[in-house]
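Heads up: the structure comes next, in structure tokens.
All chains are identified by letter, namely A, B, C, D and E, in their written order; residue positions are counted from 1 within each chain.
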Amino acid sequence: MDTIHACFKEKIGEVLLPGDVFSFRLPESGDGSIKSEKIICGPGLRRNGEEVRVCKSGILRHKQPNMYWIDSQQRRYVPAKGESVIGIVTTKSGDVFKVDVGGSEQASLSYLAFEGATKRNRPNVQVGDLVYGQFTIANKDMEPELVCIDSCGRANGMGVFGADGLLFKVSLGLVRRLLAPQSEIIKDLEKIFPFELVVGMNGRVWVKAKTVQQTLIVTNLLETSENMTSQQRQTLFKRVAEGSL
Amino acid sequence: MTRMSATRGLCMRTMMELDQSCSVLREYGSEQSLLSKPDGSSTFVQGDTSILAGVYGPAEVKVSKEIYDRATVEVLIQPKMGLPGVRERAREQCVRETCEAALLLTLHPRSSVTVVLQVIHDDGSLLSCCLNAACMALMDAGLPMSHLFCGVTCAISKEGQIIIDPTARQEKECRALLTFAIDSAECNVLISSTTGSFSVQELQQCIAISQKASEQIFQFYRDSVKRRYSKIQ
Amino acid sequence: MAGLELLSDQGYRLDGRKATELRKVQARTSVFAQADGSAYLEQGNTKALAVVYGPHETRGSRSKSLHDRAVINCQFSMATFSTAERKRRPHGDRKSSEMSLHLKQTFEAAVLTELYPRSQIDIYVKILQADGGNYSACVNAATLALVDAGIPMRDYVCACTAGFVEDTPLADLCHAEESGGGTSLALALLPRSGNIALLQMDARLHQDHLDALIEAAMTACKGLSKVLDDVVRQHLEEVSVLTRD
Amino acid sequence: MRDTPLSNCERRFLLKAIEEKKRLDGRQTYDYRNIKITFGTDYGCCIVELGRTRVLCQVSCELVPPKDSRPTEGIMFFNLELSPMASPAFEPNRQSELLVMLNRQLERCLRNSKCIDTESLCVVSGEKVWQIRVDVHVLNHDGNLMDAASIAAISALSHFRRPDVAIQGRDITVFSPEERDPIPLSIYHMPICVSFAFFLQGSYLLVDPCEQEERVKDGLLVIAMNKHREICSIQSSGGIMLLKDQVLRCSKIASVKVSEITELINKALENDKKIRKEGGKFGFAESMPKERITTLKREEAPVEMADVKETANEIVNRTETPTEVVSSPVLVAMGTAQVGEGIVNSWGLDEDEEDEPQTEDTKTDDVMVISDSEEEEVVILNEEAQKSTKLSKRK
Amino acid sequence: MAAGFKTAEPLEYHRSFLKENCRPDGRELGEFRPTTLNTSSISTADGSALVKIGNTTVICGIKAELTVPPSDAPNRGYIVPNVDLPPLCSSKFRPGPPGEQAQAASQFIADVIESSDLINMEELCIEKSKLCWVLYCDIMCLDYDGNLLDACIIVLLAALKNAQLPEVTINKETDLAEADIQKKKPLKIHRHPVGSSFAVFDDSVILVDPTAEEESLSTALLTVVTDEEDRLCAVHKPGGTSLSGEKLQHCINRAITRNKEIRKLVDKVTESTKTAK
């Protein structure tokens, strides 16, 4: 009776294109023998009556128990609530900062949404500074809103950063791979030399290593690992490690 | 130059025409994500005809063009020589409305989707090549779409022979030229743009052929996306 | 170029000047009352008028203003009667737009813009009669107008053209010499430091001659700076005599 | 659309890297990015890639009357377009400072340097000359558009061939490429622009700046040169202070770069010529990098047409055939007739009347209703109007 | 109440009618609005006509001028159609250069003229590479209420049938063209293309001859142009939702019937003007 799961499960890891359909019969109501199943459709999947349609090209992914989504190599970011991003402050107006996050609209960030900020004690933020923040409001009909504090009012790693180091852009797919717990790319990279790394869900990555040269190496390695198998990557990293040490 | 390639194509075709029931799509290919600036880009090559497409979106929209409940789609076709004219405007309208029908625009209200198509070389079937390039670029940009689309051009020669994916020379010599856009969900006709006169029978035959050809192009889309994701596990 | 001999065997040019000789320069400042600064300058038969307004608040869109320095806005135009054939578009064509851009860049280098953040300085220059060296006449006139407006600058900006005929550099070209299609170099100089604010060269010249040509133009600019200095001093004397009374 | 703003962090890092003589992509100070020149199937068409910067150039020609001041010279026209594809900051049809700068520099580099023999483009003195039009389209902006555009323009000009013409009396015959081989332009020399970006008040300079480097630069010096070490144009911009020695040093570097690039262009031209001669495959389709995973190509593919006719027939037959019965038009007045029944247009009718159902049988006396609303538009002589009514009744 | 419903939920309002297989203005789905044709409307033009389809009103004036044939086709004259949508015909058009719809319509009309062989262009040529007619067909919309393309094709056809050109000869001695204003003859019209437009509602219901409101609410538009031999001159569908071959065939069949209807209309009007003379 695993109707819905079954048709999804056989496609996990496969490449799907917009317009592909998973059709299933809805369990008839009132029939006690079929338990209503739930699946959660993530990005790239949309329910349309008795079917689920794919609307982005990419690989079908699954997470226990019942989450499915399409993993795609998009470049343009669309804000989503709860995601952490790297923004660039573009203007100060009234009591908010306008922050470029790479979406279709600038996000607003209140002066008070920083740890320890009060009406009197305003945070020291300049135009062009980088902020790491989290979306509290992000939907298609409203201006997105960022905060740099968690629900307890703590910075928790968020706020203004990046006095030095380098900011660059990669695809959203690569960012997700970097942010995955136990990311192999980062593990491999850490073996070469130590560095600081901030990764925003919006495809922006900030890197700082001991020297300019090392920062550039890390940047270039991350950019090239986009289209590499893990094997290719490891051999490349090894060569760099041997060469630079 | 063009003469040579045309004759080459012609030889190929006359051989095929002996069969009388066969027609060929020219050699075709595509490259995705080849430009660094746009959110999505692709080239589509059909024989010598070649189009480069770049897509930005969902991005900021001008206040004057903002629509409160969906994204604004703009399509620009840049000719290789001179400035765009009325013919380009008509093509832009076709491509724009096809994109509008395929994209799920209500998911990104008050934003813009801009598709820029640059003609690299015109050797026939230009509109269908524009459509194919636009579709690949939209896919590359990861914009939500309800279905894919592709373009197929058919020419009807003076003898009544249907030639699929004609070259510029064949287009010039033909009696009628029909371009269709076919959707991937039901294989129905999204766009029909014709010149010259033809019978009802011929129209329906061309539609049927285009639907057949579209299957190959959709398979090509799938193969190229598969190839692209082949290194990610 | 074939018909005309630009440099005679005796070393004289078309208008009887020696190779390094400048045309006669006459100038007056404060020619208009309503402007903050103005100047009229004749360099041979080339006549230019420059008017300066500002520094004042930025006009038009707010977004143009810079938070750390003043914006310089230049507009170059040529009177419809200034050339042999009537000019249909006094400004707005490619050449005039480029000239405006060059003037802007020249004065951005010379004016101490950082003293006036969030403000704007307008420089309007008009060529009344064109006989070669339009750019240099404009720069020289605008410099006088800026001095007249009391806007602080690093130094005078002096500009002059130079050409190259039969291995000899010619200073300060007139229209006949320019239109022949030979080499023509326009240079704006801050004479005291020897810094070049703008350099532009047209038509072919062998690399080995570049040094000599630039040197000739620089010498000519230095010569011009003396003339400009005299004009300013004379004007100040006149004014101070008047105010003393 | 707005371009992504430059953060203070990037600015500081870039300047620091420049001070340490390091560049983002690992290049040395005087290194160019990879240059790739590919020619299209048309003559005079090429794409130049300079790193990730990409431009397309097409040369075309047309017979036009010459300029009054130069009756025996052909006309060179340059137009560079910043396609909105190249960067979100580029708006269509806007004269930005960058656009003016690039167009003028291109004109100066290629027209004022007299690299093309314009007199050979004259067909009939004072009446017809060739106008050579050079269209440059920027497809992707990753810095140093000037150099890419100049390389593309001179490559395309060298590749271009114009149709041959014959003059007989006052008639000019233009031959198609099949009739007579087209003729290449006579090019005296090949000027190429080399851009130098200056940083930190002119104390550091870089060749071929990428877009990020351009965004933190103080100023730019563009030197156009040919391989004979002749300078064709110099242009400084951006309000920087230069010293004479810097200019001379740049001109020395430029001469080295120019000879390298010229060689590259010549090699590409020769290669293209060779392939054309041998009848091999050429054009952009051939230059697609097949080894990339983002690229896929398909050979010519037959489309099965066997059952197409049956399908078409089936569709045509399945639907009902058009009716032969057609409602006849009604002549309202001389030169005016109407077809169709049901509602009447709302002209001259009150709102209330509109709601009333129309039940008249049109074929007989609909005329009265119509003529009521039409009479103002069409002047009808009474006599004729009656005649026309009769006519319609007879039908 | 109904008016309020119509303004607030125009789509729902239309759907409720379509459910009953009729339309808000009382028509059936496959029914055209009454079409009125008047010719010789403008005496200063060489040929003119006015067409009304329901409220949609277009007028066409043809001006013939003598010119040199284009160098790439020295034995042919040419026709320059232009569709103007001035702000007076609807609030949705703005003054200024022609908008996208007007440009697309002009291009479509030009394509129809070219595809249908309406007029043999060679007959417009008077002397090879020297002199030919150019017909400027300016079509102006006076009231816009949908279905512009159908109206444009009818008005163009009627105006061309109405047009009279003076006889022109080239004087051998002076090499100048001489027009004989007294001797005027009509143009030879080879084909009679007639268009039928359709609107697709909610991806499924097909309406014929849509009004402006129906056009704006529909998901796709289709125009089929046929000639008297039931051949197709254009099947123009500039995007929108997709249609199957069968649906398209239905539309074509409707268009063929419409062609007969309009041909009779045009013939009748032409006949009436002839008899008047």
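Just so it is clear, a contact is a pair of C-beta atoms (placed from the backbone, for glycine too) under 8 Å apart; a residue touches a chain by one contact, two chains touch by 3 or more.
Chains and their UniProt names: A = Exosome complex component RRP40; B = Exosome complex component RRP46; C = Exosome complex component RRP41; D = Exosome complex component RRP45; E = Exosome complex component RRP43.
Quick caveat, the model's predicted, so the values are computed rather than measured.
Q: How short can a path of touching chains from chain C to chain D be, counted in steps?
A: The fewest touching-chain steps linking chain C to chain D number 1.
Q: Using the contact definition stated above, find the chains touching both chain B and chain C.
A: Common contact partners of chain B and chain C, which must touch each of the two, are D.
Q: If you tally contacting C-beta pairs for every chain pair, which pair wins?
A: Chains joined by the most C-beta contact pairs: B-D.
Q: Looking at CA centres, what chain is most distant from chain B?
A: Relative to chain B, the chain whose C-alpha centre sits farthest away is C.
Q: Between chain C and chain E, tell me the centre distance in angstrom, where each centre is the average of that chain's C-alpha atoms.
A: Computed from C-alpha means, the inter-chain centre distance equals 61 Å.
Q: Please report how many Å separate the Cα centroid of chain A from that of chain B, as a whole number.
A: Roughly 33 Å separates the two chain centres.
Q: Distance between chain B and chain E based on Cα centroids, please, to the nearest Å.
A: Comparing mean C-alpha positions, chain E is 28 Å from chain B.
Q: How many Å are there between the centre of chain B and the centre of chain D, using C-alpha atoms for each centre?
A: 18
Q: On chain E, where are the residues touching two or more other chains?
A: In chain E, the residues touching two or more other chains are 230, 245, 249.
Q: Where in chain C do residues touch at least two different other chains?
A: none
Q: Find every residue in chain D that makes contact with two or more other chains and list them.
A: 2, 293-294, 311-312, 315-316
Q: Pairwise, which chains touch?
A: A-B, A-D, B-D, B-E, C-D, D-E
Q: Can you tell me which positions in chain D touch chain E when the two form their complex?
A: Where chain D meets chain E, its residues are 311-312, 315-316, 318-323, 326-329, 331-332, 334-347, 357-358, 362, 370, 374, 377-378, 384, 388, 391.
Q: Name, in rising order, each residue of chain D that touches chain B in their complex.
A: It comes out as residues 1-2, 40-43, 45, 47, 52, 54, 56, 58, 60, 81, 83-88, 92, 133, 135, 137, 139-142, 177-178, 276, 279, 283-285, 288-289, 292-306, 308-309, 311-313, 315-316.
Q: Taking the touch rule as given, give the residues of chain C at its contact with chain D in the complex, in rising order.
A: 94-95, 97-98, 101-102, 104-109, 181, 185, 190, 193-208, 210-211, 214-215, 218
Q: If we count contacts the way the header does, which residues on chain D are in touch with chain A in the complex?
A: On the chain D side, the touching residues are 2, 4-13, 16-17, 20, 22, 24-26, 293-294.
Q: Looking at the complex, which residues from chain B come into contact with chain E?
A: 86-87, 89-90, 92-98, 100-101, 176, 178, 181-183, 185-186, 188-200, 203-204, 207-208, 211
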